[in-house]
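These are the structures, in structure tokens.
There are two complexes below, and they share chain A, which is joined by chain B in the first and by chain C in the second.
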Partner chain A sequence: MTTTAGPHQHASADDPRVMLDDQIGAFEPIPPYPPRTEREAEFYTLGDGEMFLNMGPQHPSTHGVLRVVLKLDGEKVVDLDPVLGYLHRGVEKLCENADYHQVISQVDPLEYISSLFCEWSPVMAFEKLLDVEVPRRAEYIRVLSGELNRIASHALFMGWFALDLGGLTPILWSFIERDEIVEMLAALTGQRMLFNYFRIGGVNGDLNHDFMSRLGDWMSRATGQIESNLTLLNENEIFVRRARGLGVIDTETALSMCMSGPNLRATGSPFDVRRAHPYSIYPELDFDIPTRSEGDSLARYLLRMEEIKQSLRIIDQCLHQMPDSPIMAKLPRLLRPRPGRAYAAIEGPRGQYATYAISDGTDQPFRMRIHDPSFIHLQSVGLLMKNNLIADTMAVMASLDPVMGGVDK
Partner chain B sequence: MTALSRTWGRLTLPGKIVFTLIPLLAVLTAGLIAFIIVLGGPIWDLILANLWFIRFLVAATIILVITIPIAFLNIYLEMKVIALMNLRVGPDRVGPWGSLLSVVHGLKVLIKEDFTPTGADSIVFTWAPVVTYGAAVMTLLVIPFAPGMAGQDFNIGLLYFFAVGGMGVVGLLMGGWSSFNKYSLLGGLRSAAQIISYEIPLTLSVVGLLILAGTMSLNQIVMQQSGWFTDWYVFRQPLGFVIFFIAATAEANRTPFDLTEADSEIVAGFATEYSGMRFGFFFFAEYVNVFIMSALTVVLFLGGWNAPFDIDALVNVLNGVVGAVIPSFHIATPFSIALDPGSLGIPLLFVIGLAPLIGTLVLAAPFYLVRSSMRWWVALIIGFVLFNVVAGGLTFAWAYVSFDWVAGLVWFMAKTFAFVFLFVWMRGTLPRVRIDQLMGFAWKWLLPAALLNLFVTAAAVVIVGS
Partner chain C sequence: MSDNDGAIERSTGAGSGEGSAGTALIVPGESALTAPIVVRNDLWTSAEGAAYDSGRESGVAHLAELAASDVSRRDDARWSGMLEVIPARADVVLDLLRANSLWPLLSGLACCAIEMMSAATSKNDMDRWGMFPFRASPRQADVLIVAGTLTTKMAGPLVRLWEQMPEPKWCVAMGDCTCSGGRYKRSYSTIEGIDRVMPVDVYIPGCPPRPEGLIYGMMKLQQLVKDRRGQWADRAIGPTVPPGV
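This part shows the complex of A and B:
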């Protein structure tokens, strides 16, 4: 097979089939078309002593396939331009072409770290459309498994954040935590990652012995294990000095950037969908909404660690109050909700997951809009990363805890 | 044969050169030795006349060669210890407990494609790893491993060490600049800024020690620390030791100062575009540097090859205590076990021939007699292994007592690898500092502390008198 050279290419000396770019400028991350907006024209013009650095999409620590073009002055980030879309699959459109049951498996891999929450909000929206009452035992199981998934997600966050600051060990310690939870959820749902467990009107299966024995085993030592993981970082001077005062954001800015979840609560605003717009059985449960006032990366980290303890409290209450009832509402096999629209928001580990679904009376949603917190939080990256050093850009991003699967949808 | 030729075909040029040169050199060396033995006479005279030069050549060759097992050992130690700290198993496939994995890594980098990116300055790109590795190996020349076991005993050994060791950063900078990659460039510049900044506290922290020692020869400094462990310089220069160790961590580019190859920030720093054996040289240089920095810390502050106790003093105490009860009891110092195998004559052959047999049978007997389910040959194998352990232990004990250099090497390696372990431990525990924190720490804390150490030492020497 022979390849012909393009206009600005030449054959490699090693292998004539390989075409190499003539111009050295071809390696610059400048787009190959003239600037389309004023912002693009401004960003892609270099000032004195500045250079571009293309971080991603194959960088070791961009948490998926995010590409950030950094404009650097030495080590300092002057400006940056996030480029999205490397993982875009058109999930919303796929959902509009699947019937209501199939939607659950389509939205599962959005935020693959916390799949149950991706299922929860569409399922709630569809239940509103269909006007079904979910059995109480199903609600308890949803809360129980959801909070377990929240702990897994936050535990993994701790490892990633430390890894972006250069720590090798916490990621593996936190993976142990996550693995135990994921194994017990696998015993409950049949899958380790993309659970596909919630159903419209209930859940797929009842609690079983394998799950309960694993859960009891883990609960008996969870607190101590998490505390010992935390001592590795919370008392580490280097870690605390790097994370403190990094990527500070105040409540007004955070609200104007539409932040939610732990990132917003770390600025001092106690907004939590579980309390602000109660759903499921959360009004009956006793738990606190931890907040912190600093608004920096350390606050976001510590807040998530505090939430793990609250989730453990919730799981404990769920286990003690678990009622006996069916786990599925009585529903026809083919769902045709009346025409209408429904909106359902839940509190996930990253913030507010929401679904806005419109039904036109057929067995497929006419329109389905997914509000994903990772995507929303990434828009404040420009504010937070600017004027930091290169070393801190990825740490700031890690402290927001985005998952690219949900960002690109 | 096909498999062999296929393997040969997969080798890149450096790999082919290495695999050709090593057998060729072995044959040539054997031929040379045979030639000297056969012809004798005038060649012996020539060798004896140029003994210092031959000695230097041999020492340089040995030091070049031992860097490879040292690097292998360090890499294995790092993989295994960090794995255990991470609650993983770590390497466990190649060799016992995975101990040959780093050898396989070494072969792998020889076989991998040696890639030069478009736009790279290929000459500088090729020579950068050589400079870094050469600097690391050349510093090893002045390290005294044991009494009489040093490549060269310069009277300016320490100065030589810092001068040549500082050359390593030139290689990193060359690699970073010539790779035609912005990550490499940032890594190279970071390493230049970091290593030049930390050179200053590193050098200043030992000036206090030099005032006390009065010499720059590393051999002399070690000999001044002989006797009990309280004579080590770490107890006379504690602040200097701490500053030296921190600065040495930064010099060796180790966590928490491994900014030059911070994978979460600048991919792999200066080594981003390197592959094959050129990357292997950088990789080896890093681990040899860890060993060298540990070795220098041990030599300067922890008594080098000296044992932490004075065996002669211990024997004298024993003589005094036991001698008070039994007047005839006396062990001569310096303590040694005289062993003259020649005096045994013909019976020696019987001992050599029969000892393994008898030892194996004696050690196998209890296993065979106590456990009825044990096969006789399993018991024999256990006995044989045990006998080897016992005989090896006895031989080692004899060598330790009889030869200064064995004892010296044991203590030197034990202390040095304790420090290597410390480096690995820090890597498993600590996150990375930021570049401004790194610079601030060097200039705002370490440099004033080193100066304070120098002034206090100088004042103490003036007041107390040397």
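This part shows the complex of A and C:
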């Protein structure tokens, strides 16, 4: 890696080596190429008394490698420009060159905090293409492990949100929950984070004794533990007064920005894919869709904590109603679905995960498009952060809970 | 004060030569390393002219100047310059101190970062072995744990982070993606192993490795730091495949 000194030469924006060779320009707020769009030209023109501040890609609270260029007036954020692509791994292209079973391992690290949901929607889309019916026990195991993963994801959210508001203790507490759950899932799936557990037509392995004993042990004290975690923040006046009224968004704007999941439900709209477009065994289960009307950061936080309790209810029902049946449908090793298109959406911890797959009759998907809620939610940070202080911008972003692996794919 | 509206401007090498004239630092020619970063104050002027050093520009001594000069030319992080008088035995003691207070840089790239945080929090507490305080600034860190897939777009910033860290410094490649490319080896946008862009001391395979795996790797690094006894071979950048393989 050699660097070149001197003034920047205007390179083509399509040149992939721009960011690699020009290390000096990597952290400069102004890009080394001329503006490509009207919006870019408007943003990179400074008004009276304004200045640029570069944030990221290496920043402790950007939740990964997001880079944000802030335009500041004093300490107030006038405008901002997120720069994406620092974690672009080309997953969709890799999926087109992998056969249907291998796709599951490629999509795993997209949202690495809730990997099971990344597997779930492609697997469902492929099952629609192949027209297979999943055994009921496999569906119950999917819901059971998925809801556990949702709790782990929301528990981590609690710690990160508090960390970005300046509190260190909650993340230590939330990682206790998360570690217990992922160890439990590791007993079931064999991996702590990137589970690679769902298969087309079922799941990889049946419930085992190690998993069940860990789960029973944890369930007996989960409610109490989560309640005690919540006392750290819910009754903390500094936290509540800081998070209330921060980054308010109303339902119409949220819908026009394509928000889904907890971020949308925090504005009062009760949209949940599990109820609106039922899939798997969710119609048979009894659970509530919590909503809040405020639409601010505190509402988004409290809503996720409510969802943890609902997930515990779902897990309890799954354990009591678990049927006895095979865990895999009978399928050939080499899958060649008929030519066609399939779309499958599920409700993940961050919102609506969806996969749109096109088959051309071969053993590889012709095209796979992954709809990721993190990417969709990130487009509204410009709306939410405007006219906030610098210190609040990261708190607003943390309340949206984006994961950069899913944003950049 | 120039009329240039850029907030950060890189001055030429000639200017830095004048700034450090008369000191022990000799800056050989113009290069990207030696040119200091001069942050010009175009936005704000003090109300009182005599305040802040009477408005004079202070000489900027960048760490890269020191690294490029003869004073700390050797990459072995031993006492150097005027401190050469201290006996070489001091290096052994210093290495013992360094090994037991490794300060990693808080820079997570992807999935492995979550396991890195898990290794630092309650259940597996890395602090017990003296490797905890994750620093947010590369100036304060001496271990770079590259946790996650390195893409071509992130390679430049990461190498810059590595260059900003002061010697002595070590690099730990955490996860399959950073060791060899892992499951994204065939992708068009990733770098197949970070040893193509920076030297690596410890490789930790796994996708991602368990927190215990990271702690084991860091203990191996501690052993490495202790065992070198003041000696440090040049570390190569690039695929280190032995000839004939």
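Simple rule for what comes next: the second predicted complex is superposed on the first by the 381 of 409 C-alpha atoms of A that agree within 3 Å, B and C clash if a C-alpha of one lies under 4 Å from a C-alpha of the other, contacts with A are read in each partner's own complex, and residues count from 1 in each chain.
Here is the rule we go by: a contact is a pair of C-beta atoms (placed from the backbone, for glycine too) under 8 Å apart; a residue touches a chain by one contact, two chains touch by 3 or more.
Everything numeric in this text was worked out from a predicted model, so none of it was measured.
Contact with chain B, but none with chain C, is seen for A:391 once the two complexes are overlaid on the shared chain. Shared-chain residue A:238: touches chain B; no touch with chain C. More residues of chain A are in touch with C than with the other of chain B and chain C. Once the two complexes are laid over each other on the shared chain, residue contacts for A:271 go to neither chain B nor chain C. Shared-chain residue A:173: touches chain B and chain C both. Using the contact criterion defined above for the overlaid structures, shared-chain residue A:60 touches chain B and also reaches chain C. Within the superposed three-chain model, A:51 lies in touch with chain B and with chain C [touch as defined at top].
In the superposed pair of complexes, A:165 makes contact with chain B only, with no contact to chain C.
Comparing the two complexes, residues 20-21, 24, 27, 51-52, 59-60, 172-173, 176 of chain A contact chain B in one case and chain C in the other.
For chain B in complex with chain A, the residues that touch the partner chain are 82, 85-88, 118-119, 180, 182-183, 186, 190, 255-256, 258-259, 262-267, 427-437.
Residues of chain A that touch chain B in their complex: 12, 20-21, 24, 27, 51-53, 59-61, 75, 162-169, 172-173, 176, 232, 236, 238-239, 241-242, 389-392, 394-395.
Those residues of chain A that touch chain C in the shared complex are 1, 3-5, 16, 19-24, 26-30, 46, 49, 51-52, 57-60, 64-65, 85-91, 93-94, 97, 105-106, 109, 112-113, 156, 171-173, 175-176, 178-179, 192-194, 404-405. Chain contact summary for the complex, chain C toward chain A: residues 5-8, 10, 13, 30-33, 35, 43, 106-111, 113-115, 117-118, 121-124, 136, 138, 148-149, 151-161, 183-184, 186-190, 197, 207-208, 210, 237.
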